[in-house]
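The structure appears right after this line, and notes come after that.
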Amino acid sequence: MTVSELNKEYRAVLVEKKQLNEDTFYLSFRCPDIAQKAIPGQFVNISCSNFLKRPFGVASTDVANGLFYVGVKTIGKGTNSIASLNEGDMVDVLGPLGNGFNFEGFDSFILVAGGTGVFPINFASEYLQAKNVKHTVVQGFRCKSQIVMNRPEYVLSTDNGDVGIHGNCCDCLDTLDLSLYKNCAVCCVGPLPMMKAVGAWATKNNLKCFVSMEQRMACGIGICLVCVCKLNAEAEGQEFKHVRCCKEGPVFPYEEVIF
Amino acid sequence: MSSINVKVGDLALNSPLILASGTCNFGHELSSYYDLSILGGLSSKGLTLLPRLGNEGCRVAETECGMLNSVGLQNPGVESFIKNDLDYMNTLGTKVIINVAGHSIEDYVGMVSRLDQFSSKIDALEINLSCPNVRAGCMSIGSERDQVSEVVSAMRKLTKLPLWIKLTPNVTDIKSIAYAAQEAGADAIVLINTLLGMVIDIKTRRPVLHNNTGGYSGPGIKPVAIRMVAECASVLSIPVIGCGGVMTYEDVIEFMIAGASAVQIGTGSLVHPTLPVKITEDLIDYVKKNDIDLSSLTGTLRMW
Amino acid sequence: MSSINVKVGDLALNSPLILASGTCNFGHELSSYYDLSILGGLSSKGLTLLPRLGNEGCRVAETECGMLNSVGLQNPGVESFIKNDLDYMNTLGTKVIINVAGHSIEDYVGMVSRLDQFSSKIDALEINLSCPNVRAGCMSIGSERDQVSEVVSAMRKLTKLPLWIKLTPNVTDIKSIAYAAQEAGADAIVLINTLLGMVIDIKTRRPVLHNNTGGYSGPGIKPVAIRMVAECASVLSIPVIGCGGVMTYEDVIEFMIAGASAVQIGTGSLVHPTLPVKITEDLIDYVKKNDIDLSSLTGTLRMW
Amino acid sequence: MTVSELNKEYRAVLVEKKQLNEDTFYLSFRCPDIAQKAIPGQFVNISCSNFLKRPFGVASTDVANGLFYVGVKTIGKGTNSIASLNEGDMVDVLGPLGNGFNFEGFDSFILVAGGTGVFPINFASEYLQAKNVKHTVVQGFRCKSQIVMNRPEYVLSTDNGDVGIHGNCCDCLDTLDLSLYKNCAVCCVGPLPMMKAVGAWATKNNLKCFVSMEQRMACGIGICLVCVCKLNAEAEGQEFKHVRCCKEGPVFPYEEVIF
């Protein structure tokens, strides 16, 4: 491995910050390496006011300007400190980390997003768009005020029926004419119950489904083993195995995950 | 003059800095960040006779000054390690230290006799009598002087490899335990493993860690680690290896002055994977500026 | 509903927050910052039979997440205290807790029988079996279960005042020591005193503290304190009082969930003298928002 | 005590920062209470990047504008973090703390300063000036580049003879015509050896001398007992006593201090 191929911890500047709704922000950082290398489903680990870095899915990249984007929902100290950075402030970043979505071998995709999952799904959609791969984005929100990263062509549901389909993602999915999706896979990023439901829906419809898991992390690069997901390991003669979310994941085939 | 080479007993290291067990796996991942041959050594994730899945549920809790982990010795088992990782560790150009854990004296004996068969590929065995995250063995053995004696004596008979005994700080009298290990044939003492701690999520009113308690590491434990290294170094004739909260080259030097012949970095690597590179550069600067061999610092502490 | 009153055994406090011994002297200085009657209580600087000058030279070392002190129980002695400070403490409108230290069982017995003569002016005796900064007594008594039993039994015979036993965390098995204290007649256990630590000045190669080691306090010790409170609360029938690293109201709540009936703040007051005011306000907000009595939180921890 | 009489921990804004020499800065903070109450020899305890606050002698006050001044020599992490504050940044401050110089009962003063002692001595001089009390300031520095807070009327010495008298403070003091100082006291703030020498000089000349001690502190307000100075206690029948530098000090009569 030559020195230039080595992974690095980058120091990246916050280029732009936008507030998307009450508690969600959209930030771009300058880091040409990450912008160039990241694929959808991968994440970055960003320093904050606290001791450990915080993981965020890559939401978009701007290779020409060397930028990557993340969406940050403020839930605690770390995310709040990142959301209150000013343009021009510096952070330490590791990335791109983990295995993203493996789009190989499929001809069309149904991308399903909930919660902060809209960010990696946005990146997936942009990526497939650029390659002209057929795909549809399905978003599920609690209510209108929560909607972020939406586009007119997306299929939308809200729990309270404010906008879009009244119901959850699966109600949306049921409205799709699956005969139009050839050799299709489902990619879902959202809260656990949503991923479980979407996985079940996909299985019922004989579609391969990938889900992106979240675990508390420390290193983000596979050296501490604190972030494991429980995967089915019958093939290996065991009931289950513990696999690093940050390294082998965060994206796993739905059927392997023990929820 | 002005080298950062050190020796731990007969083992010559090209730097005092060793990656601590459980914070570098077997080197695969970090070797994509920097050339690990700049290190004094790398201590493998703790190994057991049989593969272990580790603890279920949340395994990490952050604190202001460090973190708690309750990985619970997840590891592929010693046979898988020998097959898949040992040779790889030998390609890294740094000392190969194997961290050995167990539930009983028999486990430790079994591990050591098996690993001794690969003694040409191993520079030292680090005997983990201190992991707080498994129910039996480890820390409970390491808290009892007589058990430490017994397990070290038993291992000593089976191998000529350097036996580094890694002790738990969660004891009343670390000196007497370290001394017992020395008398039973240890080649070096590693101090410290993690402090046993707990963090509670006040919203759910449950421990953050699903194992309830976990091992506290990082800068917050350094004062305890320095005290224990100084205490033990003053009564031992074998080398002490310091560990606990290293984040800067000054921390390395503080441990060496306290009495450490080499120093491990654990949580520091988790926070900044290339921190050991920075620390190594700073140590080189330091010895150049002061025109000393780093090893000459060991045990130079003058008590009041 | 929504009060912050708590009880420690039969003693009713109007807040769980108690100023920890050695971090508020006898109240004179802090009473010029706020009305101390908002507190649950104030624990005096550790007292001994005879006046003590304390340790010479540097007594404080800063760490990233706290500090080490080696005051060495400087105090005017119990007679001077009775003459000059006890009445003053009684004017503060908060519970008067007297922290009692000694070198030997005889010292403790002597202190308790003398203080018992002023039992109308004292709400509880906090027996410091845990100061790490004096050569004999204190921590060395507190590290031995049998000695703890003996000293607590002896004191129990001499007074009806609540006996709160403050233990050192520098032990292998805190549960068994706390249990021994309970069985010997303690009314409550205070956990924890400071962790024994050392900080070295790498320029002079000497310990920063002229006593070499010191007691580590502040946020860096909280995970250990929470673990010990939870461990002990699960086996004791008497109340536990938490202490160690409190800086926010969330910390107070974390201790209470872990099992504490009341919570002490030490180093927090040194960093921000009016921090207890802020924490009290935040606790009042918390109980209002959640419409609970704070005391209902004690021991609500659900282990995994 | 009414609420308004209570001591407070203040949040003060850095109004102005000037660099005096390579490693010394002069900062003004807005805090009307401190500006009004402080007397020379008292100090403030200022928050920094580290866990504990840092003590600094009050160097001057501007009561009209509610400002107090401190001079900060950067020697470690804490002082460096304070010196790198920007105008407009906020700090936590306790003060004024300790007992300052007791000027009562004397008619003239010789003020002797070395090191960062020039700051409290500056305040003392301004204070006496305002009251029209006769006094002379003597400053000792290592060399020319170290000179700060100097005024033409001061008596100056440098160790290497760069400027002023070639020698130390005592060499300066020896040049004074003591017959001009009626009922005079010496106030000295500087490194220990200087205070010792100046105290000895004053004793030899039958002058009362006050010195200002420095000790590592934690609370700064007298509650932790970590900052004690060793004072002669023969009067109380003991060899010595330990007295809080932050509370009973930092100014003590020279003859009481055991150096």
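In order of appearance the chains are A, B, C and D, and numbering begins at 1 in each one.
Going forward, a contact is a pair of C-beta atoms (placed from the backbone, for glycine too) under 8 Å apart; a residue touches a chain by one contact, two chains touch by 3 or more.
Quantities reported herein were computed from a predicted structural model and do not represent experimental measurements.
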| item | value |
| --- | --- |
| Distance in touch steps, counted as few as possible, from chain B out to chain D | 2 |
| Between chain B and chain C, centroid-to-centroid distance (C-alpha), Å | 34 |
| Mean-CA-position distance for chain B and chain A (Å) | 36 |
| Chain centre separation (chain A, chain D; CA means) in Å | 59 |
| Contacts with two or more other chains, residues of chain C listed in rising order | 61, 63-66 |
| Arrangement of touching chains [line / ring / star / complete / other] | line |
| Inter-chain touch pairs (all) | A-B, B-C, C-D |
| Chain C contact footprint on chain D (complex, rising order) | 1, 6-9, 50-53, 92, 94, 215-219, 221-228, 230, 240-242, 247 |
| Sites on chain C touched by chain D in the complex | 22-25, 28-34, 45, 53-54, 56, 58-67, 69, 71, 74, 218, 267, 269-274 |
| Chain C residues touching chain B - in the complex, by the definition given at the top | 57, 61, 63-66, 68, 143, 170-173, 195-200, 202, 205-207, 209-213, 216, 219-224, 226-227, 230, 250, 253-254, 257-258, 297, 300-304 |
